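For reference, the structure I am asking about is given below.
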Amino acid sequence: MGHSAAGYYFKEAVNSLVRNNWLSLASVGVVTVSLFILGCFLLAAINTSAFINTLESMLEINVFLESNLNKSEINHLKEQLKFLPGVSEVEFVSREKALENMLTSLGNEKDITENLDENPLPDSFRVKTKSVELAPQVAANIYKFNGVSNVIYGQEVVERLLIVTRWIRITSLTSVVVLGLAAVFLISTTIRVSVFSRRKEIGIMKFLGATNWFVRFPFLLEGVVLGFSGALLASIIVYLVYTIIIDKIAVTMPFLPIVGQMDKLAPVYLGLLVLGLLIGAAGSSISVHRFLKV
Amino acid sequence: MCVVVRFYNVTKIYKNNSVALNNVTLHIKKGEFIFLVGPSGAGKTTLTRLIFREDLPTRGQIVFNGKNVVRLRPGEIPFHRRKIGMVFQDFRLLPQRTIYDNVAFALQVTGASNHWIKKLAPEALKVVGLEGKAKMYPEQLSGGEQQRACIARAIVNNPLLLIADEPTGNLDPGTSRELMKLFQEINGRGTTIIMATHAWDIVDSMKKRVVALSGGKVVRDEESGVYGHGA
Amino acid sequence: MCVVVRFYNVTKIYKNNSVALNNVTLHIKKGEFIFLVGPSGAGKTTLTRLIFREDLPTRGQIVFNGKNVVRLRPGEIPFHRRKIGMVFQDFRLLPQRTIYDNVAFALQVTGASNHWIKKLAPEALKVVGLEGKAKMYPEQLSGGEQQRACIARAIVNNPLLLIADEPTGNLDPGTSRELMKLFQEINGRGTTIIMATHAWDIVDSMKKRVVALSGGKVVRDEESGVYGHGA
Amino acid sequence: MGHSAAGYYFKEAVNSLVRNNWLSLASVGVVTVSLFILGCFLLAAINTSAFINTLESMLEINVFLESNLNKSEINHLKEQLKFLPGVSEVEFVSREKALENMLTSLGNEKDITENLDENPLPDSFRVKTKSVELAPQVAANIYKFNGVSNVIYGQEVVERLLIVTRWIRITSLTSVVVLGLAAVFLISTTIRVSVFSRRKEIGIMKFLGATNWFVRFPFLLEGVVLGFSGALLASIIVYLVYTIIIDKIAVTMPFLPIVGQMDKLAPVYLGLLVLGLLIGAAGSSISVHRFLKV
């Protein structure tokens, strides 16, 4: 395409945006709204995933030891546990410490130890696994070790947690996909309707001897501009809303794990921009296609 | 090559079974000036639409400038149309562009340079007497002015064939006379002209070839003919 | 009441400063048949648009049937328009309705009963010779046929005033002659008719009142006048 | 409006839907997609709310008693607790039962009681409050009672839970409102664009002497039909998806509280239908308004 043609395409696209300002605004609005919702959902999904990871990482296996072990036997056991596949962390909890913890949890203001002649609790290890799915297998392996009297890992809780988190993951992934498709549908429909309302114009161009590409290109550019503007707006709004929310959460719920690093969020914003641009381009050039056959 | 347009046994039946052209055979030589006459609904517009490849004939073949119009590939159609200047009966101006842009657009689609466009478009507008209305939009023009804009657009890229469908329908006699002078001039420079018209006075005074259609058939084809009032 | 339309010093200047009508004063009596002539862009269509209240004059007053058109409230406009049958220069048929539905629609908007519509609409189509094309859509008609459909729609509800803008622009002489017979018949029944036209032969042969516009001014107003070839 | 006029309006609306089938389909599609997303979100919000209620109802206050109380003193205390404002449930847990529970939680396969000479745990009450917000106040009140040695209600957990649930409630309410507005915007934009593409038609009607209402009414009916069809489709899809999901959840996560009663869900479906209908009607008649001024 020559210099004059490139200039023509660009001028056409801009003129058309200005001429059809109402339609253009409507299209940009639809892109913005659709991608804003999609963006919010993506961020929610990312944070849910992070939250689930934290939840899962908090899960631990309690390994109670027989009462007749000596220090070196205990240390040996600790080494064994550490090298067990799937284990990420091993912490020793002495029976004294265990009693202290229990008393704390019962309220340490009055001294229950008064009634206590002897510490009834055993020594134990707290073992964390690399992922929550590994807990049952790891627990079973640990149970076979000598010196281990009992292994508790809240089987029921883990199972429930596994099911719930899998559901949450599936649901949020499905939602993102459904919302993504909805955004594509909404945006391309608006652009198609807007092209539809200019079908006569396209016909006249063809009668003047314009090639399909000559007709299509300004529409394509226009779609790109519309899609990109909408996506940019959506990204900015999502960014602002998210910043406000994580600031608030950091104050009121410091215990929640919020994804704030830009390297994890950049793909979201980039994705929105690329999606808007692609749908805009594809939506308009495909729509034009219908009316080119004259 | 002497013949610009050939129709071989062309029949056009629209979807709703109305027969617009019925077995028409016709040869139009380069440089000819042809009046297409006949009552309303005779098939004049249909004939021009087939040459322009706006539609395909139901049966028969059409050859334009040595190429079979019926067998044009989609990619060839734009280039075919660029060789034909078309004055549409319903104008078909782009409503969102000024008159100047409408005329310039016919050059733009052919890839003409800006320099060339800036020279030719105003010339064409001047020829039809619209230089003062260049910046106005079609809906701001009177019917006759729109018709003249359409004519300017048709002649701006100096086509091989000029097809004018009822070009004087909205013009006063004075402007009509001037338009016919212009057409003769263009014709004199070698452009073939097909003009569908009901203006019997113009046809009678010009003494050019007259092709009369009626009910989709060629009922008369005379060199330096007349409109024929009986028709 | 003898006068149907009065123009008092009416001036119309469009947004882009083009003066379409310049201080026009005009009285049209009930039952008159008036030809509105003048070169392209003289202001003929503008004059009809002002009567129809499609647009407001920049200055001056227009009275139709005893009511000031300029001061009509929005709710009165539809009822004003129903008294006027309008043949638009650009037809303005509803593209997604058949010819029959287009004509019937003009009755529907007035709240006519289905019985009445089924009687009047086919009659009007028959009068313009389109009974055979009733079920077709506007784009399936030739230019002349569309024009006739537009005329059928304008006369179907027997208006007080019939305004026809270039009604023969796309018609062959034969059909034109018949249309003029029809108009005379309608006029004979008391309907006032204003017809803007470039068809000098028709104007000259009918010997009716002729109002000639030029540059937005009334330059001539004669009983049983002629087109005036110099204009 | 006479009989003929009513018939005309209805016929016009239907004809127009058929004539503009492509636009009609697009509009219905947009209504369906928008309201489907809104519907899913409403159901999610309702279930989240139910889940939070369940979570909160699980929270309890542990009231530890001094070791020197006799039966009647304990019963008296229980009565006192029951009549305390905000308390919904009081359960006595004897020290024997408490020990049993603890041993169970440590794993009852090996007998820790072997090492245990005496039960170190006190008697206690488990108190539930009518709402989680009341817990701190109730706990403070109980602490003043005679015979109470300690009161524990997981202050930190309650506070966090309160903050988190308030956030979740705010977020889901905001989301529903934002999505609702988005749906209104998307639907009305599509309908406006579709009316826009028929502006010439409206102009011609006005030129034939049609009153504004005569022009507007078929568009209004058309909008109602479009909006209602879309909303109906959306409701049906939401219903089907929801039924499938709660069936799955009932199997895999029977512990989750899912809202399945029709009396709580009916307002959602009804709301979607009414919303679709209203936006359709308003969207089209407002859009027509713009083009009536000829």
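Letters A, B, C and D mark the chains in the order given here, with residues in each chain numbered from 1 onward.
Here, a residue touches a chain if its C-beta (ideal position, glycine included) is under 8 Å from a C-beta of that chain, and two chains touch if they have at least 3 such contacts.
Note that the structure is a prediction, hence the values are computed from the model and not measured.
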Distance-maximising chain from subunit D - centres being C-alpha averages: B
Centroid distance [mean C-alpha coordinates] between subunit C and subunit A, Å: 67
Inter-centroid spacing, subunit C versus subunit B (mean Cα positions, whole Å): 29
Distance between the centres, which are taken as Cα means, of subunit D and subunit A, whole angstrom: 22
Residues of subunit C engaged with two or more neighbouring chains: none
Pairwise touch network: line, ring, star, complete, or other: ring
Interchain pairs in contact, sorted by label: A-B, A-D, B-C, C-D
Complex contact set, residues of subunit A against subunit D: 22-23, 26, 29-30, 33-34, 36-37, 40, 64, 67, 102, 105-107, 109-110, 112-113, 115-118, 120-122, 149-152, 160, 163-164, 167, 175, 178-179, 182, 185-186, 189-190, 192-194, 196-197, 249, 252-253, 255-256
Contacting residues of subunit C [partner subunit D, same complex]: 52, 54, 74-75, 77-82, 86, 88, 92-96, 105-106, 108-114, 153
Of all residues in subunit D, those that touch subunit C in their complex: 2, 4-5, 7-8, 19-20, 201, 204-212, 214, 294
Contact set on subunit C toward subunit B in their complex: 14, 16, 18, 37-41, 44-45, 89-90, 136, 140-145, 147-148, 165-166, 169-176, 198, 200-201, 227, 229, 231
